[in-house]
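To keep things simple, chains are lettered A, B, C, D, E and F as they appear, and every chain counts its residues starting from 1.
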């Protein structure tokens, strides 16, 4: 039994580049990675939003209506739905004046998980306890 | 007889994106554009470097030796060789402490033209007297 | 000159817009540029909006990012693609993209 | 943690590097990041170099941009691709790219 | 009615500049203007035929074909395209192939030029 | 000797991150390390065969083939590639096609992961 932790750190706003979205889809793939690993081997992702990256977490993104593509919001909801740990930096929400009412949840999809709003120190700790970090 | 002036404004350093190079090649094509125009119609490009864009103008770029691609320096030399007007912002060279000895020329290729180091006000004037501007 | 500048990013790495002057300046916020119309940092609106210019923000790009066009800064007018075409053709002679 | 950070740009739009801490921090300047090792703005060297870290700059990327590796800031060591591999394998456990 | 030339240098997927340019071209055409569209830089890989339309990704082929159908002139920079392994034989029909002077010549006769060269 | 996995998300031409990743992979392999290379995002258009090698443009096909020859495992994100009209049938031989969990599985067994996801 051996687990490898990976921190996916999103530092940039959505849509300007594909990378913030790819952070969600890459992290999500931990769900199926076992088919390429040995028994008992697992990967645990932590998906973290810091800096302008927290702008990914605004709800009511209408990318499907406006441009016909899946919104970053929908990707994030899917992450919560499969019980992934998703963290966003409290200091940055405060800096941008983003209240909890504007932050994505997946309640309507029946998810138990919520986005975890944490101080940057917690994200630092996640990086320290991870085997690998990936900055998006 | 009618001339259309286009200001090509390069604001970004070389190699990070292809665009600063594409400014030189697009401007250069004024040389052959007459085959698509009527008699007496001409285009006059002004290629201008401002902000971090002036870092394109450093000489001794060894992109061919290191990565096997034509350097931005070589593209700029070719522009001077065909007598294009190339301007760079004096304030920005001063800001970055770049002396004339470090700035590209095409003397070795027999070019008569030199890069014209001008105050930003001159570049502003070029934009004002142009029909179109293209920011790279 | 009558210059329409498309601002497509939030954190700009170029300062050209701060340096140039235009008798008539239009700033059209598109893509991540629309955050300038909506996001306050530490309670302050974007300094871009302090410029002497007419401001527009593309509705589709606001909505894509979860921003309600009716709630943006009062100095900025929400416009759609058709409006942008009219701005380009009727109000500004030269166009720049940042 | 022992963290190696690749800085690939000159004007950074992200501030993550300013916020994180590491017991051992290596900053490897590549692509346009190499300007931090060479360009002074208004006579001042890049504030990046004031960080408590070991600094490296990729020779190939300096030379591509017309910068002589022998003339860079004394706090920065010029390295080649093989050296970068050794830094990755021997000196830093986690790697980040900015 | 006037003429607008759009120069696009961004990739099909990623920045959404591509989506912007196509929607703007469409809106201008709908208002009766003449529209030209030039692809250079990373936009020059976008005339490749056979893009699979997945909902997670921006898609260009269908709207590009619709623009051409509507009479928008679309041209790609040949050198930029072939360096990216896009060949005329496997490219979207109706896209013209030319060199950079095509863009300058269109700019010559355009009332407005929007050069989308950021990134 | 150790294992390095590089994840690359940048386009073939443009940022020079692609050139960097290929040169780093080559240098690591030369030192006897095991190297894996994952293409996603705009890098996923780079396995397209038939890139014309022009001196003005970065070129990936030849160095990529050389890396594969040397034993570097290269894999592209299938969804990212097909959305960009890159098909298996016209892709560079030896490049694997898989989904994102390939990258995570390689990361699992790697001593070092360099994720080049900027831009």
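Convention: a residue touches a chain if its C-beta (ideal position, glycine included) is under 8 Å from a C-beta of that chain, and two chains touch if they have at least 3 such contacts.
Because the structure is predicted, anything quoted here is derived from the model rather than measured.
**Student:** Going by the touch criterion stated earlier, list every chain that contacts subunit B and also contacts subunit E.
**Tutor:** C, F
**Student:** Counting one step per pair of touching chains, how few steps separate subunit C from subunit F?
**Tutor:** Steps on the shortest route: 2.
**Student:** In terms of CA centroid distance, which chain is the most far removed from subunit C?
**Tutor:** Between subunit C and every other chain, the largest centroid distance is to F.
**Student:** Could you tell me which chain lies farthest from subunit D when each chain's centre is the average position of its Cα atoms?
**Tutor:** E
**Student:** Using Cα averages as centroids, what's the distance between subunit B and subunit C in whole Å?
**Tutor:** 28
**Student:** Can you give the whole-Å distance between the Cα centres of subunit A and subunit B?
**Tutor:** The separation of the two C-alpha centroids amounts to 43 Å.
**Student:** Would you mind pulling out the distance in Å between where the CA atoms of subunit A average out and where those of subunit E do?
**Tutor:** Distance between chain centres, rounded to whole Å: 33 Å.
**Student:** Could you work out how far the Cα centre of subunit A sits from that of subunit F, in whole Å?
**Tutor:** 25
**Student:** Which subunit F residues reach two or more other chains?
**Tutor:** If we look for residues of subunit F contacting two or more partner chains, we find 13-16, 41-42, 56-57, 59, 112-113, 115, 117-119.
**Student:** Using the touch definition from the top, which residues of subunit C touch two or more other chains?
**Tutor:** 9, 11, 13, 31, 60-61, 95-98
**Student:** For subunit B, what residues touch not just one other chain but two or more?
**Tutor:** Residues 15-18, 25, 52, 67, 131-133, 135.
**Student:** With touch defined as at the top, which chains are paired up in contact here?
**Tutor:** A-C, A-D, A-E, A-F, B-C, B-D, B-E, B-F, C-D, C-E, D-F, E-F
**Student:** Subunit D touches which residues of subunit A in the complex?
**Tutor:** My answer: residues 9, 11-12, 50-52, 120, 124, 127-128, 130-133, 135.
**Student:** Residues of subunit E touching subunit A in their complex?
**Tutor:** Interface residues on subunit E, with respect to subunit A: 13-16, 19, 55-59.
**Student:** Considering the complex alone, what residue numbers of subunit C touch subunit D?
**Tutor:** On the subunit C side, the touching residues are 11, 13.
**Student:** Name, in rising order, each residue of subunit D that touches subunit A in their complex.
**Tutor:** Touching subunit A: residues 1, 3, 13-16, 19-21, 94-98 of subunit D.
**Student:** Contact residues on subunit E for subunit C in the complex?
**Tutor:** Residues of subunit E touching subunit C: 2, 4, 15-17, 20, 23-24, 26-28, 30-31, 33, 111-118.
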